[in-house]
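The same chain A turns up in both complexes below, where it pairs with chain B and then with chain C.
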Partner chain A sequence: MSIVTVQLGQCGNQIGFEVFNALFTDSQSSQGLCSKRENEAYQASCKERFFREEKGVPIARAVLVDMEPKVINHVLSKAAQSGQWKYSQHACFCQKQGSGNNWAYGYSVHGPKHEDSIMNLIQKEVEKCDSLNGFFIIMSIAGGTGSGLGAFLTQHLHDHYSNALKMNQIIWPYGTGEVIVQNYNSILTLSHLYRSSDALLIHENDTIHKICAKLMNIKQISFGDINQVLAHQLGSVFQPTYSVEGSFHYRRNPLGDLMENLVPHPEFKMLGVRNIPQMSENSLPYSTFTWAGLLKHLRQMLISNAKMEEGIDWQVRPPLPGLPPLGKMSQNREQHFNTSLANLVILRGKDVQNANLEGFKDPALYTSWLGPDEAFTVWKTQRAFSRYEKSAALVSNSQFFVKPLDTIVGKAWNMFASKEAWNYARVHGTPGPAPPQTPGGDSRVRPLLTTGLAAWGTVVRGRVSEVCAELSKQ
Partner chain B sequence: MDGGAAAWTGAGPRTLPEAIATLSRSLPAGPSPEIFRRAKFDHPEAAPVLWRLLFRVLAPLRANCAAASLGRGAQARWVKVVLHYCGYPRPALAQLPEDGSQGSRELLLAFSWLLARVPLLEWLLSQTCVQLGDQVPTFECEALASPGLAAPQVDARRSVDLRRLQWLMGKLRFRWRSLICSQQEQCALLSKIHTYTHGCHSDQNLGHLSVTETEMLRDPEDSQQVRKGPEALRQMLGCPGSQALWLPADTLVQAEVPSLLALQLLRVLERENARLEAALEWRQCELIFWQWMDTVLGACPPEGPAVPTFLPRIPEHGCQELELVARELQALQEKLREQVLSRRQAWETQVGGLGHGPEWSAARQALQQTVEQELLALQRSWEQERGPSLTQGPHRLVKIKAGTAGAQGLPVAEVIRALRSQEASLEAMLCWLQGQCRQELARLAGAVPGLLWILPPGC
Partner chain C sequence: MTQSVVVQVGQCGNQIGCCFWDLALREHAAVNQKGIYDEAIGSFFRNVDTRVVGDGSSISKGKICSLKARAVLIDMEEGVVNEILQGPLRDVFDSKQLITDISGSGNNWAVGHKVFGSLYREQILEKLRKSAEHCDCLQCFFILHSMGGGTGSGLGTFLLKVLEDEFPEVYRFVTSVYPSSEDDVITSPYNSLLAVKELNEHADCVLPIDNQSLFDIISKIDLVVNSGKLGPIVKPNSLVTSGGTAFKKQHKKPFDAMNNIVANLLLHLTSSARFEGSLNMDLNEISMNLVPFPQLHYLVSSLTPLYTLADVNIPPRRLDLMFSDAFSKDHQLIQADPKHSLYLACALMVRGNVQISDLRRNIERLKPSLQFVSWNQEGWKTSLCSVPPVGHSHSLLALANNTCVKPTFIELRERFMRLYKKKAHLHHYLQVEGMEESCFTEAVSSLSALIEEYDQLDATKSLPVEDVQRLSIAV
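What follows is the complex of A and B.
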């Protein structure tokens, strides 16, 4: 079964290229540490998912969309230069003028104007699949084209391909912010995606940046570096794994299996990824890993909400059942404890059958209404991933994003409120605060913003009250 | 020596053991003639075999895997219940112990009753028939479509977390979508095979090969290449991946064990052929068996007033009942006619000269017309509802150009239309049920003051 990737905007196109490159390079790598037959099955499975063939050349199953031609041209030529795989020349859509970080422009102007052309391109790509597993939509949530147009297209994919699965790969903005309206844009994107997407796989720029600095030892971090780390993380999730343990048959429905295990609940769709190990190529030859060590770290990263291997808080422990709920000692610690709704652990590499995952099957890690039997899944393959003899990835539907969400919603509310105060002041002729630089004055964005905030507010409040309820039970 | 024994040792071209042996060969897991002989004399050692045989022929094929795990007692209970349901008249069967320790003669009688009463052999043979064509699964949701679903039993003492329910529901939705995805994939692959093999089939009406036929042609006896059955279809088209894929015959689905698909199929076909031949032979010599069965019945102790006479008859399902019903109907009609006549006379004398004016006759005419129209409409809707006979077993999937001369069978458009109408009725049912649930929820919510009910997204 195949996945059609839709790359949107500057961010989506740059990351998309890195993802395809990482997938292809890994599948062709001779360092898979497995038998020839197994390697071939792995390659074939990867190829079926993400590539098709045209005159013997692998072509990415992707549609590239941007409102400016620069980035698309760049990734097209980079793919062609790789000499290994290509993008289809006929699967690109670009215009002369971008959205200028204006979410409403992407959603209300570019979307309806170019809907037919873009959906047509997607349709053509879908027709080239024997079977469509779903869509992988790569976009930022804080920009203009990617987020605005992305929300618009996701909605339309939802309407046109109701049975295909839709996973949005979204990039969370830097906390310090490149764009003043990023919080507005993020809320608008999220509130729309929550209605039309099946799962949101979220990467935080801040986290990836830290990984580049601390784990990869990169001094001058470029977007290229960040995108490569991100592509590595995605590859470690979406490269093939066995459908049944020990069977050497590769999973054919990766998106469906992932979603069925992680996001069946309509209100909890946000997924975070954690990887271990992650290090620069130079230090890799000097490192050895054991499954016990890797999984111990990964588990602690999960329960303490650590973004990476370094700086894990080892004090955080799962709450013990039967302890008084308001013990002062434990309360402090438990507040840092990250409760999971569901987790998926993906193990790749040598002796994978010996890995012990009991640590992830502790009921204390999960909510009161979903036991580890249903909430925890593991995928495995003996085929090593991207030069790591052993590696593990965690896809988690947990409280990872409660704090970033609260921050974004808080900032957006403040901005919205001050904007309203300014409007009030203007109408009533009283001196008020200075007008913030937002597109809120645009008549197209105002109603969207109000409904977006209201809808998102409900979801976030629901999520926060959920967390509080869980905490008070323990 | 009675007649049966004479037949047993009989001269002539057809002896009783031979006749029983042919019957056994045409049955799945048929017992040996010796078992039948012992059952006549009610030897207990024949009982377990006959219980098994009865269970095997009565259990539906699809349920076999699950049913095989049933204990001996449960199997015996199953047999008793099904026979009772079929109208088996001898109460002695119901009194047999369920441990299978005795009662072989009763079981033999029951088996023979089934054999005489229903087209048992035909059923069994068609159930295990090897399908060479690509089949279209026909309607499988009849049971769902019927109204009056059991009301969910809610245990008020055990609280179910709503979030868990939502989770399970979401999971179900994802699985449903995956199922649709793989169905679509299967259709795409089938279509490819049908297109590639166009013009290959010896049967002009079919025009192309099925998956099974393609596989057999492609690889008739290549013993080097070991493949897994469900993978064959994908490999045939050069596709990677390996998840189980639907294949037509039940025997092929079992090909999970590495095996030669074609050779295995050949063996299955040979087996089926042998059973068909045995069934044909049986038809010619079954009279010997029935004569012998008469002596078995004669050997039974009398069973009270309701001992049925045991007559071998050509199994024509439901024919006798129909006659019975027809006779009853006729009698009822007669009665009705008499009653109507007497009533009418009484009424006419009562009304006397009234009601013969022009107004009266006009009103009567109008009434008659409306009744006729309504009757017509009802008839039409009845005919539409009946639709094409889609439920009559699976069909072979054949791709031919629209409008080809001499095309027979069931056009896809008709199937789609029937499926659409079924979908519509199912959706209406779903809507109705959802409405009921909503009302119930509203009632429950109304009973708790201060409770605010917010529907989750996507509902």
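What follows is the complex of A and C.
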């Protein structure tokens, strides 16, 4: 089954390119450390998911959308230069003038105006799949196009393709220094996506930046570096894995299986990824890995909510059963232990059948209403991923995002409540004749913003209190 | 891609414009080696086949035939515009882009605004419409003018209102040159104050600039160049002028070097919209991020480094210095000290070989020394454009929406009141049809209201930053 990727805005298009490049390079790599037959099956599966063929050239199953042409042009030529795969020339949609970091612009102006053209492109790409598994929508939530148009399109994909799964790859902005109105844009996006998306896979720029600095040892970090780490993380999740252990049959329904395992409740669909190992090319030859070591680290990263293998707090332990519940006291204090709703571990590489995953099957890691039998899944393949002989990825639905979300809601509220709203509602600068949106802009956006804030207040509180309540029952 | 139209009004505006077009041509010539007309060049120039008689229809693709500036040149005397038409830039303009008169505005805002405004309204509009028709997505008008004289200040601000009425969706960015206190025009306080009211009401963004600051910057560069400390590898003035010829000119006309700084400001401001980069910033993002409330649209700018060594590898210390300098008061294009005032928002636009980690490191480093308004503690907007200015490896434009513009306004009001109390020179204004005393009082109250806004913000500076009580939600 195939996945159609929708790349939105500058960020979405830059990352989309790196993702396809990582997927293709990995699938063609000769360092798979497995039999030829297995490698071929892996390649075929990867190709079915993400690429189609035109005159012998692999073409990414992607639709590129941006409101200005520079980034898409750049990405198209980079793909063509790779000499290995391409984007389709006919799968691009761009306009002349961007959304100006204004969510309202992307959602209320560009969205309705270009709905038909974009949905048409998507339809064409979908028709080229033998069977459609779902959509990847890659977008940042800080700017205007990715966030506003992304929210709009996800909603329409939800309406038009109700049987296909929608997974949004969300790029969470740096805490400071990207876009001044990023907190407004973020909550407006999230509150809309929460209604229309099936799962949100979150990548924080701050975290990835730290991984580049600390693990990859890059001195002068560029967006290219950041996007490559991100692409590696996504590849480690979405490259093929066995459908049944020990067979050469690869999973046909990756999105469905993933969501079945990780989204047990429609209210909780924010997912995070952790990877191990991640290191620079130079240190790799001097390192050896054992499954026991990798998984021990990965588990501690999960329960202590560490985003990378450096600086893990080894003191954090799961609450012991029978002891006074931590939940009651943890209402107000920093929560150290990261409770999971569901976890998926993906193992790739040598001797994968020998890996022991008992550590993830401890009921104390999970809520009382979902035990490890339902909440924990593992996917495997002998085929090594990227440069690593053994590697593991963990996708988890846990409390990890409560804090970043709470911060964003807080900052947005501070700005909103301080005086009048930011220039926001002043939908301004539409090209062409006087837009009908202008007079209504004010009255339409402000309630949106208020409900966005209120909705997120509820989700954050609801989630914290619910998980705490669960803990206290134990 | 979008296009911009430059409207240069009055002597100062046209001189700055002249430098700007010179530099813009050089920059695109350096970046675009093949001579193919592309979207980047198209943002300021159209490609015209001059062999076709008549309007010279625009060519959108292929080889560059003849570039025409997307500009409208307006002056109420002929001197400067004629000079441009006889100079090396004559081919980028044609007579259809010009509006001149012979009498001049006599340093009188009222003559420029009221007399010439109504006299030339239709003609100006016609030229503006024509220039807009040549664009397939017009995004922004850049208005270049000075505040102290008659034409730039009077007619330049009249034009703002015309643009607002005729092109409500197109942004209006204004670079306004403020007179310094030793200005030779005695009526400049009147002219400036009357112009401020129009800027308050009809501009989207104003980049105030004062001659004194430009002069100080030039002196500083000269000092470094002449001291010889930096050795022979220094490229004198390479930020101020990107080519060798302009350097020679500098000694002939002191204003040229100063105007070049302003021209560089415009080039840098639009660089991320014209060229590729890993973090683009379109012009519409500037007001979205930097203008929290419609009236507070004055952005203090600084360009660094003023001079750069010729080596290609950037030593990290040098790079960080570029960021520190952008916040020092010696590098601002008006007399202002943003470091000791309150930031409402700040943008860092970087060009050249600089990566996101360099930006982040410097933001982290500088943030503790800067004060931000309570509701926008992390008020940074950043962009990375991969094309550096000609002859440099990197450069930075910092735009600050900061209460440090207030002293400029207060000083302007004081100088105005000194004249106005005595009613000196007032009759020159009042004899112009449509000018009444209320024009002056309204202008003063408009400026005072603006100062009051900044005062209120400044007053929050000493208060502790507190989170606003969140909405309480019944779960």
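As a convention for this text, the second predicted complex is superposed on the first by the 434 of 474 C-alpha atoms of A that agree within 3 Å, B and C clash if a C-alpha of one lies under 4 Å from a C-alpha of the other, contacts with A are read in each partner's own complex, and residues count from 1 in each chain.
One rule holds for everything that comes next: a residue touches a chain if its C-beta (ideal position, glycine included) is under 8 Å from a C-beta of that chain, and two chains touch if they have at least 3 such contacts.
A quick note: this is a predicted structure, and the numbers were derived from the prediction, not measured.
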item: Touching partner for A:Val263 - first (chain B), second (chain C), both, neither; value: first
item: Which superposed partner A:Gly311 touches (first chain B, second chain C, both, neither); value: neither
item: Contacts of A:Gly175 with chain B and chain C, given as first, second, both or neither; value: second
item: Which of chain B and chain C A:His74 touches, first, second, both or neither; value: second
item: Which superposed partner A:Gly410 touches (first chain B, second chain C, both, neither); value: second
item: Touching partner for A:Pro112 - first (chain B), second (chain C), both, neither; value: neither
item: Chain A: partner with more touched residues, chain B or chain C; value: C
item: Partner chain in contact with A:Ser45 - chain B first, chain C second, else both or neither; value: first
item: Complex interface listing, chain C residues touching chain A; value: 1-2, 39, 136-139, 168-171, 204, 276, 278-280, 282, 284-285, 287-294, 345, 355-360, 363, 367, 374-382, 384, 467-471, 473, 475
item: In the complex, chain B residues that touch chain A; value: 161, 163-164, 166-171, 173-175, 177-178, 180-182, 184-185, 188-189, 239-243, 456-459
item: Chain A - residues contacting chain C, complex; value: 10, 14, 68-71, 74, 96-102, 144, 174-181, 209, 212-213, 218-224, 226, 409-411, 413-415, 417-420, 422-423, 426, 428-432, 434-435, 453-454, 457-458, 461-462, 465
item: For the chain A and chain B complex, residues of the former touching the latter; value: 1, 41, 44-45, 47-48, 130-133, 163-165, 194-195, 198, 243, 249-253, 256, 259-260, 263-267, 367-370, 374, 459
